[in-house]
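Got a structure for you, written out below as structure tokens; questions coming shortly.
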């Protein structure tokens, strides 16, 4: 288990770094898909197979396909390269590191809460994670679920209007 | 759990750095996705450690939002490119005027 | 009928709003109907408000016509209305002046008539609401809403630098009232900390215990909000601009009602909520008031613009009111309240007359006039009566107020009172000089030859005010009777604190903060 | 309300009704309004006489019409006090008013403001009646100001004339300065006694510390100084002659200006408990008497001469009340009202005959052309000069004798010299106008006034002739004294120190002074034994001083009005616009400048926004961490 975690970690971090450092957006996109796969591995390890599947379906499947499609449409690799000056790179990395250190500080200094829930790994395995999530989604979070669907609907219309040739 | 959290932080930082230093619209968008995912990972990890499922539910909603966002953002990207002929977000300076 | 009386305040507040809904249905082009209907509705509103006077019980200090409903229970805000002797007359003044200013605008407002009448009626709703609200949050809501119609009235139908004036007016009052809101919320939180209840109910907040040093700071916060509205001496510079550029109706409402809110706020909120601080800072506020009296008078003397002159005279008159209020004696407070009404009546009338002169000559410069008396005897007579009321001639309303204020304040602040009394001399100087230059002398400006006397509508516009001037001057008892219990109760709430009135207390109080 | 109370309130009610009627419906009445107005005031006069008889054979009373103000402990009602003092004043006021009203019908004939004139004249009579009968200081103050207003509006009656409206405004404002003191006096009185009712106040005065009483008395006296045009607030009265002449006769000679004297007499309790204040009254009165007579010596405007003589005579009255001889003061007030009213009416008749000419240098020889006017004028002049048996002799002599007997020898001497000057200037006027050779514009059609004007003059002349006999036997044993003294028994001090000179001796000196004044005028202007020009050049500076009214107006203008106006302009243009508004606008523009700078941060580059955002996130995290 431990070993699997470290392997996936390595893949995730490496591919994330490649995402932001590759010159060609298409390459970045492919590395991002790799990264998402690593993430779905984590979800499996955390007893959330449903999420893992969703990760691959939604992110790797839907979103990344969309991204790649856009890159293809725009033919971005051919257009003028956009370069970031060193100045900005330096500040960006510095700030990211500061944020990183700070968050790590919180994680280390933070006191861990006692587990209060009833959904231990055994329970989840017994009922099945898909069923648990489904029950919650359609009872406690019904309203949010409906709003989310409206949001998606709006987003579809929005995307259509934005991408239309003429406003 | 803290392992997962540290990993999530690393990915988050990388995503943030990408957002700051890259200028390509598409890459910035992908970096944002990275940050989303790291947050998702954090949710799931904490939820798992505390024996709860609310974190997992939340992840689903984040995914919904991400999908919606992707649709709109990429629509904007197309419109933007059509308007400016480039994907450099520094060209998007209408706010200034 | 009982239902009607019971919910009379709500009806009064929202009747103009309902009228607005009705007016919205009318075509914009149909200006005659819009004017007539809106004026008629304002008249109906005034007649409705007279029921308040009729059913007001003069022998009790308790709030009457009380209505209370929960509004936002989670933090104790309620729809809580009620009036006492002070707000009764201010509401009557509001309804009367709204009617009069609508009547006065028949000729002055030529464009966007629909918008104008709608804004005026909305303004009326907010003004009455502010006077009737006993819930701080509700009060603040109405208080801020008032700015919106006023902003448009000045900005859209004004003259000259109207947008500058409108923006100045709004920013000035807004910055004051935001600080005031902070003060209110602080008191609200203190009350919560002491009792564990969230409430914006004013009557319960009166019992909040606040240490003296903090009281002074909070008082300053509330003071800024109210002092700008009054306006007290160093905060007055928005007033001449706003008054000068506003249309006649705007000036009338501004001078007649909006300036009253500052004093009303002090009376209803600042002083009872923070009694110790009020006594501690009273000498300083009175100093500002007295400076305002003289300063307003002095500056009025050298004004060349009629409206600006009347505006500065407002500063002077409001100084008297502040003197009377903060002297905290029963006589002077009664005088202040009477003077509040008087100022609304008299200054309102003066603005109406200046408006009439402006409509005829399209100028407000004093030097453009002269010899009007020959052409317009009715205008001259009625204008003279208003001027004399403003001067404080006995037999007219201004005298009663000023005299009560001065004789009441003399006991506690003799020096200030003497200085303030000298303001009466200067009032005579600037007003009579202005009147002489405008009305008397030979006609020099050929345009005056075409001057028309007042028509019937204009006479009816000012007649109620003129009658009130005489009425209050000769027989103020009906008003004083209704004010008296309120004032006595007001002072009885405060009289424990009177002895803490000293400069040393102020200093130690501040150092304890 | 029984009969006498009904009458009491009917007396003011008639003029008040007149004011409303002519004021509102004047144009429907046209010429009738004058007759009706006279009739209304006449009814008031008859009622006053009835009331006088009632009071004379019973006793005074007070009556409240309605409660007027009450706020806290402050209470005041519309209350009348009818005692011997007020009833005498009431008869005088309504009587003179009636005559002046009748006279005005002729004088104002054809003026386009005819009804307006009578409306305000009626308002004045109403106010003056209320002033006299009011029973508390507030009501007194109200009508004190109200008569001032009537004076303002009537002086400026011909408003097209700048000088007229200026004079009206000046009168009002100068009066206001005096009223300022009066008002503060009322405040102080209320503070110490908690009441403004006369009787209540008077009963508490003995228990109040002397310096407070002095302060109150002096402040109240400031009001009297303004209203009765004593030095230094006398400047308005000569200018007030711009008004119609009957107005000058009624308001600025007979009634309103004497209100100050009446007020001091009414408050004799207060003044008599304060020797210091009384002495101030005496000094002001004496000085004004002399000072005004001095100015009158060289004037050429007949109305102004009479106006200055009014000042001077008012000074005599203040001398009287200042030494505590209240009855003598009131007696002189009454007789002065009669003969000065007469002088003004006759002066008006001269004006009327000469189409408005006022300059002495353009008159002369009028005696032949307007005999009635001339004779009545001479009667008035004799009364003013204090020649027996005219009323002025008895009343003025009563004052001077009292002044002498109470030991104020200097004041007495000044009074006698003033008497000489008085006789001189009034006969200078008479000789120049009526007797010396004519310098009239030959084109002018000189005519005697119509009967409606001369009859009131003749009535007044007759009254001036006989009213003095009320003062016989002399001084403190007279009928008048016996009648009025009842009201002044509460007066506290000022008993005569010694009756150290017999009355006939003092009277003789006064008469001699009067006669020698007349004789000097006779030598100078009829016999022409000595040319006035020669005397003029002999005392050039003194002459100029007198001719230019001691430059008081110029001094006020230079020392007070100009600097104040400059200061006010400074306040407005610099203080208000620059400093206060400048500060406000400065804050506004500071914000605007800051915003212009801050706008640079919004460079529109998304990258920099993101950068700023992340800096913020880092900082926020750091803050929570530190906390």
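Which chain is which? They are A, B, C and D, in the order written, and residues in each are numbered from 1.
Keep this in mind: a contact is a pair of C-beta atoms (placed from the backbone, for glycine too) under 8 Å apart; a residue touches a chain by one contact, two chains touch by 3 or more.
What you are looking at is a predicted structure, and each value in this text was computed from that prediction instead of being measured.
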| item | value |
| --- | --- |
| Core chain by centroid distance, with centroids computed from Cα atoms only | C |
| Computed distance of Cα centres, chain D from chain B, in Å | 92 |
| Interchain centroid distance [CA atoms averaged], chain B/chain C, Å | 57 |
| Whole-Å gap separating chain A and chain C, where each centre is the average of the chain's CA atoms | 62 |
| Chain A and chain D: spacing of chain centres that average the CA atoms, whole Å | 98 |
| Residues of chain A touching at least two other chains | 88, 91-92, 95-96, 99, 103 |
| Chain B: positions in contact with at least two other chains | 16, 20, 23, 90 |
| Chain C, residues touching no fewer than two other chains | none |
| Pairs of chains in contact (touch as defined earlier), listed by label | A-B, A-D, B-D, C-D |
| Residues on chain D engaged by chain A in the complex (per definition of touch) | 607, 611, 614-615, 617-618, 621-622, 625 |
| Residue numbers on chain A that touch chain B, as the complex places them | 5, 9, 12-13, 16-17, 19-20, 25, 28-29, 32, 35-36, 39, 42-43, 46-48, 50-51, 54-55, 58-59, 62-63, 66-67, 70-71, 73-74, 76, 79-80, 82-84, 88-89, 91-93, 95-97, 99-100, 103-104, 107-108, 112-113, 115-121, 123-124, 129, 132-133, 136-137, 141, 144, 148, 151-152, 154-156, 158-163, 165 |
| Contact footprint of chain D on chain B as seen in their complex | 16, 19-20, 23, 89-90, 92-97 |
| Contact set on chain D toward chain C in their complex | 23, 66-74, 138, 141-146, 149, 152, 156, 159-160, 162, 165-166, 168-169, 172-173, 176-177, 179-180, 183-184, 186-188, 190-191, 565, 567-569, 571-572, 575-576, 580-581, 584, 588 |
| Interfacial residue positions of chain C with respect to chain D in the complex | 168, 171-172, 234, 236-238, 295, 298-299, 301-303, 329-331, 334-335, 371, 373-374, 381, 388, 393-395, 399-400, 403-404, 406-408, 410-411, 414, 417-418, 421-422, 424-425, 428-429, 432-433, 436, 439-442, 474-477, 480, 483-484, 487-488 |
